[in-house]
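The letters A, B, C and D name the chains in turn, as written, and every chain counts its residues from 1.
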Amino acid sequence: MATARDDNDGSSGLREACGVFACVAAGAWPTHLDIAHVIYLGLVGLQHRGQESAGIVTSDGECFRSHRGMGLVNQVFTEETLQVKLKGNLGVGHTRYSTAGGSEIGNCQPFVVHTAHGLLAVAHNGELINGGALRRQILARGVGLSSSSDSELITQMLAWPPPGGEPDGADWAARITHLMRQTPCAYSLVIMHGSALYAARDPLGNRPLCIGRLPGDDDGDEGWVVSSESCPFQSIGARYVRDVEPGEIVRVCARGVTTAATVARPPAATPALCIFEYVYFARADSLLAGQMVHTVRQRCGRQLALESPADVDVVAAVPESATAAALGFAAACGAPYVEVLTKNRYVGRSFIQPSTRARARAVATKFGALTDNLAGRRVALVDDSIVRGTTIAPIVRLLRDAGAAAVHIRVASPPVRHPCYMGINIPTTHELIANRVESGRLAAHLGADSVAYLSVGGLLAAVSGREDAADGYCTACLTGHYPAKLEW
Amino acid sequence: MATARDDNDGSSGLREACGVFACVAAGAWPTHLDIAHVIYLGLVGLQHRGQESAGIVTSDGECFRSHRGMGLVNQVFTEETLQVKLKGNLGVGHTRYSTAGGSEIGNCQPFVVHTAHGLLAVAHNGELINGGALRRQILARGVGLSSSSDSELITQMLAWPPPGGEPDGADWAARITHLMRQTPCAYSLVIMHGSALYAARDPLGNRPLCIGRLPGDDDGDEGWVVSSESCPFQSIGARYVRDVEPGEIVRVCARGVTTAATVARPPAATPALCIFEYVYFARADSLLAGQMVHTVRQRCGRQLALESPADVDVVAAVPESATAAALGFAAACGAPYVEVLTKNRYVGRSFIQPSTRARARAVATKFGALTDNLAGRRVALVDDSIVRGTTIAPIVRLLRDAGAAAVHIRVASPPVRHPCYMGINIPTTHELIANRVESGRLAAHLGADSVAYLSVGGLLAAVSGREDAADGYCTACLTGHYPAKLEW
Amino acid sequence: MATARDDNDGSSGLREACGVFACVAAGAWPTHLDIAHVIYLGLVGLQHRGQESAGIVTSDGECFRSHRGMGLVNQVFTEETLQVKLKGNLGVGHTRYSTAGGSEIGNCQPFVVHTAHGLLAVAHNGELINGGALRRQILARGVGLSSSSDSELITQMLAWPPPGGEPDGADWAARITHLMRQTPCAYSLVIMHGSALYAARDPLGNRPLCIGRLPGDDDGDEGWVVSSESCPFQSIGARYVRDVEPGEIVRVCARGVTTAATVARPPAATPALCIFEYVYFARADSLLAGQMVHTVRQRCGRQLALESPADVDVVAAVPESATAAALGFAAACGAPYVEVLTKNRYVGRSFIQPSTRARARAVATKFGALTDNLAGRRVALVDDSIVRGTTIAPIVRLLRDAGAAAVHIRVASPPVRHPCYMGINIPTTHELIANRVESGRLAAHLGADSVAYLSVGGLLAAVSGREDAADGYCTACLTGHYPAKLEW
Amino acid sequence: MATARDDNDGSSGLREACGVFACVAAGAWPTHLDIAHVIYLGLVGLQHRGQESAGIVTSDGECFRSHRGMGLVNQVFTEETLQVKLKGNLGVGHTRYSTAGGSEIGNCQPFVVHTAHGLLAVAHNGELINGGALRRQILARGVGLSSSSDSELITQMLAWPPPGGEPDGADWAARITHLMRQTPCAYSLVIMHGSALYAARDPLGNRPLCIGRLPGDDDGDEGWVVSSESCPFQSIGARYVRDVEPGEIVRVCARGVTTAATVARPPAATPALCIFEYVYFARADSLLAGQMVHTVRQRCGRQLALESPADVDVVAAVPESATAAALGFAAACGAPYVEVLTKNRYVGRSFIQPSTRARARAVATKFGALTDNLAGRRVALVDDSIVRGTTIAPIVRLLRDAGAAAVHIRVASPPVRHPCYMGINIPTTHELIANRVESGRLAAHLGADSVAYLSVGGLLAAVSGREDAADGYCTACLTGHYPAKLEW
């Protein structure tokens, strides 16, 4: 998975599905807080979670202002858009990587929907595990749907009166609670109505969501933010407060943050934070459940060295996301960490490789071998994950051509074998190398001297920081144990 | 209104709201008929009805293929899109001029909507006279609406089961009938479902819609088309068959054209074809209710000359839409028709007029005076309509500067005084020159020697071709008599 | 040639080569005159002479500011570019239709060139009749040329010291005189150096160029303009002063307009204004040699009716450039002028005609027949010119399909038979219909009942306004008599 | 200089000036070698040397085909352009970072120039040290120049006949020799004429240039390449042969590579390869004068640790270009290498920072602190260079905010103090932090506990790999000793 996030490529690996960010200013409007700028910077910090489109909707408590577009956050928004168009004292933002729904401007979030009780803006990350059943139910009511996206299911479910119905149809916490009871995972949601914001995390806690506060000049608060990850907080001067709990519905308004409701897990279900957030999706400087992602990745590398040591002269990483694991591996195995590959950062997703010549050497267009560090040396090459295995084999060949005496592949996560129904795009089952190539033949297949993956138990131990493996994580793509009944 | 359609401008006048076009191939799929090309050419022929966006949805009876975009028909579609993407044996197309709903890609038609009984594609022209009430009713059901457009009201009303409901919820003629009973005007609709097409015209017949047939190589039919106007028929080799009748729902499938249902007018309402289709909106070579628009316009000019003759040396038109009326006027009054203005066709809507210098002479940027035809002559300057009167005054000044001895303005339609609630964008009431300037002072206000409008009776006589005025036309913007109760 | 200028197409006819416009403010800098706006509006008025690219270079007497781009004048310049970037008290502008040189940004004019005596900006219209010989001469000196354009020949010839050389190498009138002695035609030039502007017309006067003045608030002048045609003068408030004479070099600076030099015609050459400026290229409201173009075109129509009358019921024009001639024809022949074709202005150069269906009826996509004016009538259809004859035949068919009893084609200019070496793109000789089809068979070839062209003598008589034909015009493309030795 | 190459930014540091690449196929045309693809991949590998524009010109020995455009190599070329348009058996390519000449399409290289002896295509990297004098000389001859670029000086000097002149004016090696005698540095040139390519490096060897060969299927050669750096060779399957020597003119044709001429250094001048190629410009996997750049950078880090050790807990790099030096530093000082900053790769040159909030924390938008690796630790932070010092101070603050107990800055190159006249954009003298802040106050100024630079002697020792410093490098920006007389 060396190539996915780094080069905005994803052609050979897993893909994330979206980041959400929201901000509410303290006090009465107009406040000094430049809401649109804060959300813009928040989305820039979540850009790694989706590069297809971006959008922001702001509100002054009555009127919504919206701007959405295809492309990077920085391409979608201009200074003028932020300063002139997107006024308000609260707002929600979204950056999208398409999973279901296709790549069209109409799928850009946040969605704005008119309801009998006023306008809503909705942004979400994830996928409804029982989306098919919910869809049939909504259509059967006589509602027309304009897309095949889960987002529209969410907005129509919110618009529909909850069963108890009145006295107060506009009780949004009740409507969100009703929605969450119908679908246990996987989503993080931010919903704006009037001058209040609701942030909710699915009852299983599969998708991350956390809360930060913006300190004011005096001791008070200038505002609050909600974000898929904590990594953008430094750039806006926010402080990490806590994660939104699984099943929790948080209400944020000008007076502060409160828990509006909590939806319990379905009986048979277990807490299930996606473990690949640690392995791959989240940015290294984010805190997830209180742990820094970079530190977890170093521990994965160390655990891997304990499980599958290698007798090598040097340890190296497939640049750039595997560096933390490689440093952990090197520290544990005693061989020095070196660089063996340089990366051409201009070779990305849209790179054309027009001729046979180019395709045969595509990996050499993206990576250059640092021969002085390779010649005659035995190398442990650490990658964070191997999904389809299409990139790693030519890299091994490149290292051998540059003189490596041996190449031992060490993968800081277990093999991916099963589909994800919770919003992560995984190649189809037969494309996964762990399903295509028998483990005993994998080293030969990849041209390596040996290949070893981290064990599931080892990964859980590294994530928890304890020797015994932790509970509470979704490992479905590794184990086939899904956290909730499909089509629940 | 000299400037509106001609230069794709509309900044100073009325604006049309959309053209619809549909085509169904005879016989089983795949047919020889190149559906997408036919619809493309149809939309090009309806381009004068809307230049903001265009879209086509085709179907092979099961699968829908859709392509929509902002801009002219010719900018939205490429050869590849038509030939490769938009396969099928029936399809609907739309070209849009925004009225309600704003200028966004999300408002491009045709809309595609998922219902409990399958996919629908819907394109319409017009505006629902009781849109506000229908909207409140739909929201109250618990349906969320993603826009403020009438199109979404139509699709949600079609998706909603009709009151009688089952046994056959998928009876689309019944659903369309139900829709039409709830709103008497103003719309032409084309709806595609499965392998059938439904074309409907509002019970008052306010918006035009007609049927053509494509003759096959032998005596049979190759297919059928439905169009807002007949003008594109020549370009696709179609023959005009008849208008869709007010309130009629026509069903078109591979076996032919049938009347599926007819919805009666509400009790108090009268037939009400928008009379401005003749005056201004429709293309000169279209047949409306069996009459060629150009001929009606000539008759308007002749009638105007009878009502308000002018003692002049020459008769001229404000280019280019008023030429037919000017020729009619000239023939009736005996003075020769000449050109007095040349037009710079590169000066359109987006033309920047950066300085005071430019704004002061904006009209001279768009029009050049042909001084040889003006010097020392008394001119009757015929325009098809005057709405805001902002263009005609500087034109009069231009003609005087070029030496005209007298300028008599003759307007081949009555003064516009009232708002339209049936889909035509009319400037707000206080912008209408007929409301701003007392008729006795109008000539002075415009700098002309005299000003005369065609009378309402004269217009109706010209439209009907008889001396006594005809019934069956909506003249609400001229008379304030609306064809249906507002917020019905 | 009905289609060329009207729809920005030119696919079937002649093409013009460029417009030049320049402006100098009176008095010391900074003046009140908004130079860039004046030139911008001037170029908009010359847009019919070239739509490929546009550029403006302004000067404050020391520093040049330049902005050029592909596309229409209105697309190339923004308000900000005009107001902020293009400051100065004099400037030159250009709008281009590519002939030699290809369609690239590098060919956009005005050119700016560094010389030993400072910066020059040069814009020109036309083509050097002995360009090949001049090119070889410049290369032989050891100068590298970056393009195959005549513009670069002009700038390198101006940079090169004239033979007499010093004492004053910076005498630009002398350098321009030297240039003009080396090449007799065909060009109009504007050259900016320091705070002075030079405007020159080739010794044969093949290309037009005229002078206007901008009156100030008091009795004085606010500035002066130089333009390919006079038509933009109204839009900037300028008054036509006179044409630049053949061979004249005019110097314009803050103190006024003076004749800097006059270059005599080569011995054997005759004055030779391109007669197609009257027939086709110039805008109808321009004055050329003191005559309004529209009036000349009316006279062409009248002369044509005298030479080749037609026994018809109605006279009509191929829209839109032939209207003036048709009105002249109708007046002379006594039959009424009517419209028989409506034009779809959205069908232009880039229009795709994807299928056989479309190509077969391409003319019906562009033109709609007004059947009421055609049914059972004999029509004289006037066009301003027929070059390749590819458009007129399908138009005749369209009129017959619409019911015309007879169609007599009348062309208000003589047949084009010979290539132009003076800057006008003419289809290759064998594409010209006059060379392809014998005159006796032309009517049959075009499907018409008769075809008649205006005679050369008749054209010259119409242009001169006298019965005997005038001298002083280039008719090479009609007669094969070139005004100067080729490769002179 | 952490930010320059990495993020395509350069807003705070040095900037490179261009990469050149050329390829000639062995044997007669048409060959199997896909010339355009090879050059395309070569330019992609040189993309770090210039991201403003790119161009390729190919030749089949007679006809040139050219394609140039603004933007990255991958944006300028499409598969179709490479396969259909750019045919040939030899070609030259260029990727540009503007120094002199401004950012315009007209400055894109390669330049194509028509001369008396045929077409030339010219691409170069560098700047003529005596460009001003050469320019005046060319203008004085009477040649007009269309730009202020050195490239045009080169093409006009090549077009001008050399003094000896005939018998053979087309002797290009003689013309290039003559050019090189007039200007000693700094440039690498590739020139294409007919079916031959000339590659030349300035007599002082300031700019790099090397030769590779493409092995054929059998033992023979398929072709040869010339490149600014060797890093693209792996991606095209080429093998590094040797550097072009200072002053050498290499001729490459279908029969192979020969030295056509060698131009001696001017008397007082010394060999002078730009030492910043090792420090910063070249890609880590390139070989310069036979040494791998990454290895030299590691040695710089090691040498720095010996000169200026630091008592720290961890060693870290400013990502990403300083990693090699940091690893060298860590190995020499004994403290472990860790990551302390993560980088947001989506924050680049065009990033908007709309508000005061954003600007105050701009560095936190680009970098995230990995707090677990910082808390309570003393850090040696290694950067490859500090030019203006505007980025490093906020990074230090970021590390302290994240808990660092001490921050010691170590810079793996000496302070930049003097301007470059050889083609590298260096901030003006008073912007250079080494000139603005006294060295004793620098740590305080930057908020660090200590700051130390590598010495000039240490850098030369690291570059040479010997303890005593090497000759042959240009250190003018560090020492003020220029390799050639300015305005020579």
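The definition used in the following text is that a contact is a pair of C-beta atoms (placed from the backbone, for glycine too) under 8 Å apart; a residue touches a chain by one contact, two chains touch by 3 or more.
The chain list, named the UniProt way, goes like this: A, B, C, D = Amidophosphoribosyltransferase.
Because the structure is predicted, anything quoted here is derived from the model rather than measured.
Minimum number of contact steps separating chain A from chain C: 2.
Listed by label, the chains touching chain A and chain B alike form an empty list. Comparing mean CA positions across the assembly, the chain most remote from chain B is D.
Centre to centre, using the average C-alpha position, chain A and chain D are separated by 37 Å. Chain C and chain D have Cα centroids lying 49 Å from one another. For the pair chain B and chain D, the distance between mean C-alpha positions equals 62 Å. The set of chain A residues touching two or more other chains is empty. Under the stated contact rule, the graph of chain-to-chain touches is a ring, a single cycle where every chain has exactly two partners. Taken together, the chains touch in the following pairs: A-B, A-D, B-C, C-D. Within the complex formed with chain A, the chain D residues making contact are 6, 34, 37-38, 40-41, 44-45, 47-48, 51, 72-74, 77-79, 82-83, 231, 234-237, 283-285, 292, 294-295, 320, 323-324, 327, 331, 336-339, 342, 344-348, 350-352, 354-355, 357-358, 360-361, 364-365, 368-373, 398, 401. Of all residues in chain D, only 105-106, 111-116, 120, 139-140, 142-148, 155-156, 158-161 touch chain C in the complex they form.
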